[in-house]
Amino acid sequence: MSHCNDSPQRIMPPAADRALVDKLVLANRILYRQGVVDGFGHASVRHPESPSHFLLARNMAPGLVRREDIVTFELDGTALDAAGRRVYLERFIHGAIYRARPDVQAVVHSHSPSVIPFGVTGTSLQPVFHMSGFLAEGSALFEIRDVAGDTDMLISNETLGAALADALGLRSMVMMRGHGSTVVGSSVEQAVYRAVYAEVNAKLQMQARQLGDVTYLNASEAAKAATTNDTQLTRVWELWAREIGIVE
Amino acid sequence: MSHCNDSPQRIMPPAADRALVDKLVLANRILYRQGVVDGFGHASVRHPESPSHFLLARNMAPGLVRREDIVTFELDGTALDAAGRRVYLERFIHGAIYRARPDVQAVVHSHSPSVIPFGVTGTSLQPVFHMSGFLAEGSALFEIRDVAGDTDMLISNETLGAALADALGLRSMVMMRGHGSTVVGSSVEQAVYRAVYAEVNAKLQMQARQLGDVTYLNASEAAKAATTNDTQLTRVWELWAREIGIVE
Amino acid sequence: MSHCNDSPQRIMPPAADRALVDKLVLANRILYRQGVVDGFGHASVRHPESPSHFLLARNMAPGLVRREDIVTFELDGTALDAAGRRVYLERFIHGAIYRARPDVQAVVHSHSPSVIPFGVTGTSLQPVFHMSGFLAEGSALFEIRDVAGDTDMLISNETLGAALADALGLRSMVMMRGHGSTVVGSSVEQAVYRAVYAEVNAKLQMQARQLGDVTYLNASEAAKAATTNDTQLTRVWELWAREIGIVE
Amino acid sequence: MSHCNDSPQRIMPPAADRALVDKLVLANRILYRQGVVDGFGHASVRHPESPSHFLLARNMAPGLVRREDIVTFELDGTALDAAGRRVYLERFIHGAIYRARPDVQAVVHSHSPSVIPFGVTGTSLQPVFHMSGFLAEGSALFEIRDVAGDTDMLISNETLGAALADALGLRSMVMMRGHGSTVVGSSVEQAVYRAVYAEVNAKLQMQARQLGDVTYLNASEAAKAATTNDTQLTRVWELWAREIGIVE
């Protein structure tokens, strides 16, 4: 499951902007504090100077990630500066999505607890409130059996990654049956926001369904709400970052 | 969504009493700590010296509000001393309610999580226990589509504010479908108390409905309980304030 | 709702043992930390030297109770040393139960959240697991309308207190419809234990009912389990007390 | 319920490796912090130098366990170095399982809250997601009435222990109706991991069932996932241990 495959023939991109690396570290910590990830799950960002690379922590609990734990990867999952450290088996989630989606700049994979019941019952997440406008098209569903029969459920190679990206399509989120979910964003802040609010929306949707017939945001409401919310990302990021404190 | 519209021709009211400003800051912090608001939501108080003005924080997470973040507004949403800071798009919630309801001295808008499922299923909150006597008439419901078709769900102008205040009527609370809810009070303490206990009541009501037929407080019980509870506000405010600590 | 009625003609019992007063203070703090009480609710203990008196905090949030806040009462609710401080309107819960139940040495009244749905649907709590053996006879139910028509739901005089004690009978717990619940014990530790585990049992019972037909402890199992658990009170009290820290 | 039965004729095995004792202490603390145990429950490890012995804390809340609280037991429940301290009545759970299962090196008994509703409704836990691969065969169920009629629900002697081990069979987990559950592992880390994720799985399974028909991991997926997860134990143990801090 671990794979250290530094390849000296490949070229390292320029060093990523320090502020962006710190933001990625913060993202990992925020996702943990907000209950989206536990000891498992990970967040990445496309390399700002080189679109065919991305940054992702080494194989470790996201809540403990530090600046020195960030590793540079190629889209095929090859680590360029792992230096002997274990890397995530599921780095292929990130690489495949960056390859398929030029618009995506950040990816969050988690076992977000309230989302999992939706994945295992084939129930799509729909936007219950304006904060979930990004779920306008509903959450996609990836059933790994359709692609590879019986597996350990993990996206552990490029083929599975491509299949996942295919299921994701142009949507903001894909649920992975019997596993977890993955959200994408045009920035680290937006991907983290979406991961947090997908979890919130799942809780609300489960409760609302128990009360009665649910009026979801229609496509137009969701699109407008998403546009508005994207102007408020700084406000909530400031709160979340403040609660984490200093990044090392 | 942000709007800095200081207007030098308008007259600033006298400086608000420092203790009241501090109380408003505490209210924001308490609402966050009690889980009624997250990174979003806001609390205001009508200006004690000038009923056509109100105090509300600048556009920021309520959990981080400090004394210097409080801005003075006119009922039409015009900020008098924003000094370049962003203001809440939804300040119109507050202004419209103060205009429509001379009895209201404080307003809390939130995405109180347990309430949202009630709003999206058109299920009115009813008083499950004596702490929710203020829900005697049930929670009102505001469906924004009825007023403005497809929107981003936000009360972003005076027309929408007036429509929301109209839906609220003389009740203590209005649920905003696909968005959140707003409660009103005759004091900051009462508005915060109502926001906290509306959330509690929503949880209880959801659980009670799953167990069987629910006996709610009747109109008389609710009215009497509300009167009694209003004499206990100091006791719980003391606890909540103590847990926040010092206001800066 | 507040009532300071020190009566100089009545005799104060000897000062209560300091360790017991500290234990009562701890009980209040533990109940708050364990989520059984919030800003409301209270715990009392029968005076160790004088059975016709009991100790109860002044009217305040239980989470803030300190040694100096403990007041001595007669069973009819008369405070002997309130010294101008407000007392709980519902002190009559405690007095009436001590009068009706010579075996009871401690009483806890709360708005324990998971229990309230049972009270408002007339669903008796039953022992789901061995920790709730004390619920062998089920939780009693007090419907205040049967006694006093429409009220503010509070036990605010001796008549209501006696009615509540009558509903409690010889059981360990009585649910108060539209209000909360009250548990009794032969010691402070036992009453606190019962309050905590009634809340736990309520949660479990609600979840179990959603899964299928529930096998509860039968009367014999419950009685035996209760006897065994009573020998383990010290162990969990030690944990709870340790988490509170020093009593002032 | 307490039983101090040091027996001078029995031979103490060599002192257990200090690192393993510390790991067992950490296990207790982690289980408490993760909400699997409360004031009750316990974790043990088979003695590394002597398979017919095991290590288990004295009778106390697991969240307070320290190095000096660890006691050495024989499989029949005899404490060899209790030195007057009370021992757990239910040490027989551990001894009986070690006797019946040579592959098991660690045992965790708890009242894991989300699992209890499954036990009292006879609903087997099934693997909802890849983290619960160890539930491939489902959770076993132990009904104590079948063995001993009406009891206090506790495994308080060797006969009951043997019956429990019999119900457990070769599975990873056994639910104990009206009581709690017990999980086993080939290491302390694996047993703790399984206890934590059994609780998580139970929550997910309850929620999923409310949404619709659930697709669980099939036997092959579960086996593969379990194998993969066992390579990730260090990663999550590091996080959990880091959050506990220093072991005394």
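Per-chain residue numbering starts at 1, and chain names A, B, C and D are given in the order in which the chains are listed.
What we mean here is this: a contact is a pair of C-beta atoms (placed from the backbone, for glycine too) under 8 Å apart; a residue touches a chain by one contact, two chains touch by 3 or more.
It should be emphasised that the depicted structure is a prediction, and the values quoted were computed from it without experimental measurement.
Student: Applying the touch definition from the top, give me the chains sitting in contact with each of subunit A and subunit D.
Tutor: none
Student: If each hop has to land on a touching chain, what is the smallest number of hops from subunit B to subunit D?
Tutor: 2
Student: List the interface residue numbers of subunit A and of subunit B, divide the shared ones by all numbers used, and answer same when the ratio is over half, different when under half.
Tutor: different
Student: Cα superposition of subunit B onto subunit C: how big is the rotation, rounded to the nearest 5°?
Tutor: Rounded to the nearest 5 degrees, it is 90.
Student: Please report how many Å separate the Cα centroid of subunit C from that of subunit D, as a whole number.
Tutor: 34
Student: Please compute the C-alpha centroid of subunit A, do the same for subunit C, then give the distance between them in whole Å.
Tutor: It comes to 48 Å between the two C-alpha centres.
Student: Could you list which residues of subunit D touch at least two other chains?
Tutor: 210
Student: Return all touching chain pairs.
Tutor: Taking the chains two at a time, the touching pairs are A-B, A-D, B-C, C-D.
Student: Hey, which residues of subunit B end up touching subunit A in the complex?
Tutor: 1-2, 38-40, 59-61, 63-64, 89, 111, 113-114, 116-118, 120-123, 145, 150-154, 177-180, 206, 209-210
Student: Could you pull out which subunit C residues touch subunit D in their complex?
Tutor: The contact residues of subunit C facing subunit D are 127-131, 133, 200, 203-204, 207-208, 210-218, 220-221, 224-225, 227-228, 231-232, 235-236, 238-240, 242.
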